[in-house]
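Going by the order they are written in, the chains are A, B, C and D; count residues from 1 in each one.
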Amino acid sequence: MRKESFLWLALASSFLVLLFILVPLLRMVSAPSLAALRATIIDPEVLRSLWLSLYTGISAALICFVFGTPLAWLLARSEFRGKRVVEAIVDLPIVIPHPVVGIALLGLVGKNFWFGRLLHEFGLRLVGNPLGIIMVMTFVGLPFYLQSAKEGFASVPPRLEHVARSLGASMFTTFFTVTFPLARRAILSGIIMCCARAISEFGAVVIIAYHPMIAPVLMFERFQSYGLKYSQPVAVWLIVVCLLLFVSLRLVGRGPERTRSGGAR
Amino acid sequence: MNLRIENLGVELDGFALKEVNLELEKGDFCALMGPTGAGKSVLLEALVGLVPLKTGEIYLDGKPLSGLPPEKRGISIVYQDYALFPHLSVRDNIAYGLRFRKVGRSDLRMAELLSRLGLEALLDRFPSTLSGGEQQRVALARALVIEPEILLLDEPLSALDPNFRQDLRRHLKDLHGVGGTTFLLVTHDFPEALSLARHAAVMVNGRIEQAGKIEDIFLHPVSPLVADFVGMKNLFAVEFSETSARIKGLEIELGRKPDTERGYIAIRPEDLVLSREPLSSSMRNSFAARVREVRSHGFYAEIDLEINRLVFTAVVTSRALLDLKPQPGTSLHLAFKATAVHLIG
Amino acid sequence: MRKESFLWLALASSFLVLLFILVPLLRMVSAPSLAALRATIIDPEVLRSLWLSLYTGISAALICFVFGTPLAWLLARSEFRGKRVVEAIVDLPIVIPHPVVGIALLGLVGKNFWFGRLLHEFGLRLVGNPLGIIMVMTFVGLPFYLQSAKEGFASVPPRLEHVARSLGASMFTTFFTVTFPLARRAILSGIIMCCARAISEFGAVVIIAYHPMIAPVLMFERFQSYGLKYSQPVAVWLIVVCLLLFVSLRLVGRGPERTRSGGAR
Amino acid sequence: MNLRIENLGVELDGFALKEVNLELEKGDFCALMGPTGAGKSVLLEALVGLVPLKTGEIYLDGKPLSGLPPEKRGISIVYQDYALFPHLSVRDNIAYGLRFRKVGRSDLRMAELLSRLGLEALLDRFPSTLSGGEQQRVALARALVIEPEILLLDEPLSALDPNFRQDLRRHLKDLHGVGGTTFLLVTHDFPEALSLARHAAVMVNGRIEQAGKIEDIFLHPVSPLVADFVGMKNLFAVEFSETSARIKGLEIELGRKPDTERGYIAIRPEDLVLSREPLSSSMRNSFAARVREVRSHGFYAEIDLEINRLVFTAVVTSRALLDLKPQPGTSLHLAFKATAVHLIG
């Protein structure tokens, strides 16, 4: 009996937590009428903001993938002094309040700092520009990609790399024929998490670029100007688009793996 | 000399290899033995080029290796846990090294290895669907298909079921004959080394204690550590006088005169002859002993016997056990030839 | 040589990533003059917002700890149908854009929904209230706590629990004498990450409660009203307070462990 | 009966225990043997109460256990990997169970266990600072201090170094004599079982193939599977005629008349006597054989011999090897008594 009461308590508490997460989202998704949803998705302003959110988010995730992969690999494979410091630095973007991220990046690339003025002279406008949005998103998304990719690399047994080296593969070839293929799933997960985090960002983006409006900013503006009811349909569409993106990424990532190990039990 | 290790030293997380010297001839089959933690695997990693040398040098066919990365050394390795690439088929695993090393007649070589190791039917399978024995055969093929100068085997049998172990042992013997590859087998199991290798080196605490023909190590261990490792259970510190050794009032006839006054003697447990009545035989040493303990191990049993508070361990077959019926506390007669006594150190 | 070039490439890319994270933050911290910093920390409005951020963040983390621990334990220890669905639900708050979170929660507890009106009748005001802020922070912080706690529980070998049971300990006692103490570090990490995520939230909070102002909202307001220069000192103080909090939590969590395993090598 | 398992069935991830029946008397020392994957550990988990029974019941002193959670069963368990609580000192580990079970004179009991297991000096240490052998002794003390009805030992020796293994084996024997606790030892190592247990059960594929006195299992295995497991290498399917068995033109004298016409015979490798010249002895079976392979294992060697395409495996000591000098292809004489031939199944 005591055993069961402990289990029941745990189950009850877990249910509460799941309800707390699900109910608001379900309520929101079910709140707007179909007519409102239809009207929203043909609104060119909404379409523009959804498209902007998508491509800036995906760009940020790809930048994290290209530049973050070597760091993730180093963190997974080598021991060095100050490694814990590097890991702490990498986690900083999670901990920094979102408007602070925007303020910090603006302080660097804004016109009241020499670096920002330098960029401006070279024609690189970041403030109020998709490029700036991508920069902010890259900043907040990095830790999510690095975390997942690092775990992926760490789960590849070093012995496999040693064998590859002893068979004649260079460090470079070993990475691309052994390490990377085996960490593929974790890397894809990292890209998805990074992309999701990037698209969900609001507080940092709004400081660097209120315009052009990404979907969360548009939603915020509609909420402030017209109220809750007019922001809900945009929220629903944003969620639908994100889910479609992530599910299709997962399917693309899983497809080849299945074929390959077709003989596996 | 094919492989020459000269005064090699490695330091790693407080663990160290010191003054390791070893020479292997081309086509040799050498066993590197020693208890767990002796540094055998570290030495292999140094040979492959995965840990930096602190001192010394490794020469392959006379050329120093220390500047070369692992992929340029021509040294293959087979690990205990197979280390197959899980995302590649058996075929792709075996062929992995061929794109980096230009090996003449690589198709022929591959076909021969596949047939010798009985892997033809498995080519399209993935490692996760194979048994341990099959995986290790694939790992062997993968390492040998590129015709390495040296093949390092890091306890390749110890993760296998006993049935597969025997099978793989046979394959190892078979494959060693074929190419000119030198085999260096790491094991902590002396019987395994004895059944496979020609030469051997015994490693203890990061040093090589003894190296040479494996029979010589078995018969004439140079130190108590090596003696203990190769199964010389009856090891005593003694004083010599003329052709006999004395310990605790016991006089053991050696049949020869040692050079020193003190030293160790060792007698293999299977060289002790036990009987219920005193034997009238040519054996020069014969004592009455009291049985202390009997440990049965299936095929054979170990019997501890006491003479003047000195404990001898004898090994007999389970068959003999039924005839002797030794019970702790009862008496038996123990005899051994003078030539069965080994002088050490 | 080829080996080295690969390593150098990886190191260079890693440096770039670390600089990208560190430089904006260092620039921001060094931008305000000491006088500005001093003036900011005695501003009662700033002090109020810092204090509000701290106690709502900590409250959210504690709520996650109390209600989330059983769920984390179940996810780590039991296999059931639909476990992957539950795990996906638990990750939702990371993926949902921040204003959407605010809109979803407002849609539930706001006055234009029966549930919100019901709460209001019982005197439970959430909108524009610290309670509402805590609710939002709990929502966004939950996945971070659950993730870490789940990993902590999963890393405790089930055999230790089996042994404890066979020695006479009930499920309840086993949890508190074996499982929980061994997962302590991961649980503390989870609390810290959850707290950090909660304090950093802006987009969701701003929709539920613009007033009373948490520090990020105050910062945003100052940025909009007075410009970058006047928001930077608040940002610096917020970061300092957060760092102090997390470092002291870590120290508290580590202290006893050291004494205990004093005999360990 | 202290422990009675009746028609027990368990289903688990496609693996199943079927119709398991076993009875243990109070204070017995029983070995549960069988190859890896036979279901031995699952049976232990069913006894502890960690997996649900599909059919059958377990009785402890006549009372059914199936409703009881693990903490109410009075069954302790010791795992291969020790499973000590890493956050508790050795003292707290051992005393863990005492707060839940009221054991009379628990201080005395603890002191006795500590002294028998030589743990007094380690009380304030933490598990991570102990050697494998020390950790397993602590695990034993922790399991026994609460005076359980049954102590389950899940391969307690297999993770230990050979030296510690012998030491712990002695401790197990010693402790078994003291309390009234029934020991059930899981092992896949027949020699280990033979050296410790009184009774044994052999499990194969989720079923108990044979149970009884361990000597009986060793001498009279009921099925080829059991025979193979207990080391009866020379196992042949034969036809009986009168008091002899025929296979491939070979006639083997049994000295007794079997009940059936067909069946298996098995001969222990150590019961085969080898000699260079034919022996004039009382042994009824004597053949000329050709040596096929010699495998040395240190203390003993296995020799495969062929008679009429039938392969026999004999075990001899390394000593005998030097006398016989068998080389593949040469001839030896092989003899065995009629009483050494075991009829199976």
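We take it that contacts are C-beta pairs under 8 Å (C-beta built on N, C-alpha and C of every residue); 3 or more make two chains touch, one makes a residue touch a chain.
Values in this document were obtained by computation on a predicted structure and should not be read as measured data.
Between the Cα centres of subunit A and subunit B there is a gap of 54 Å.
In whole angstrom, the spacing between the mean C-alpha positions of subunit A and subunit C is 17. Chain geometry summary: the mean Cα position of subunit B and that of subunit C are 56 Å apart. Counting partner chains per residue, subunit A shows two or more touched chains at residues 3, 170-171. The set of subunit B residues touching two or more other chains comprises 69.
Taken pairwise by the contact criterion, the protein chains form one closed cycle in which every chain touches exactly two others.
The list of touching chain pairs reads A-B, A-C, B-D, C-D.
Within the complex formed with subunit C, the subunit D residues making contact are 45, 48-50, 69-71, 73, 75-77, 79, 81, 83, 85-87, 89, 96-97, 99-101, 124-126, 128-129, 142-143, 146.
Residues 2-3, 6-7, 9-11, 13-14, 16-18, 20-25, 27-28, 31, 67-71, 73-74, 86, 89-90, 92-101, 103-108, 110, 112-113, 138-139, 142, 170-172, 175, 193, 196-197, 199-203, 206-207, 215-217, 219-220, 223, 228-229, 231-232, 235, 238-239, 242, 246 of subunit C touch subunit A in their complex. Taken in their complex, subunit D has these residues touching subunit B: 36, 161, 166, 169, 190-191, 194-195, 230-231, 268-271, 295-300, 315-319. The part of subunit A that touches subunit B in the complex is made up of residues 157, 159-160, 162-171, 173, 177-178, 181-182, 260-261, 263-265.
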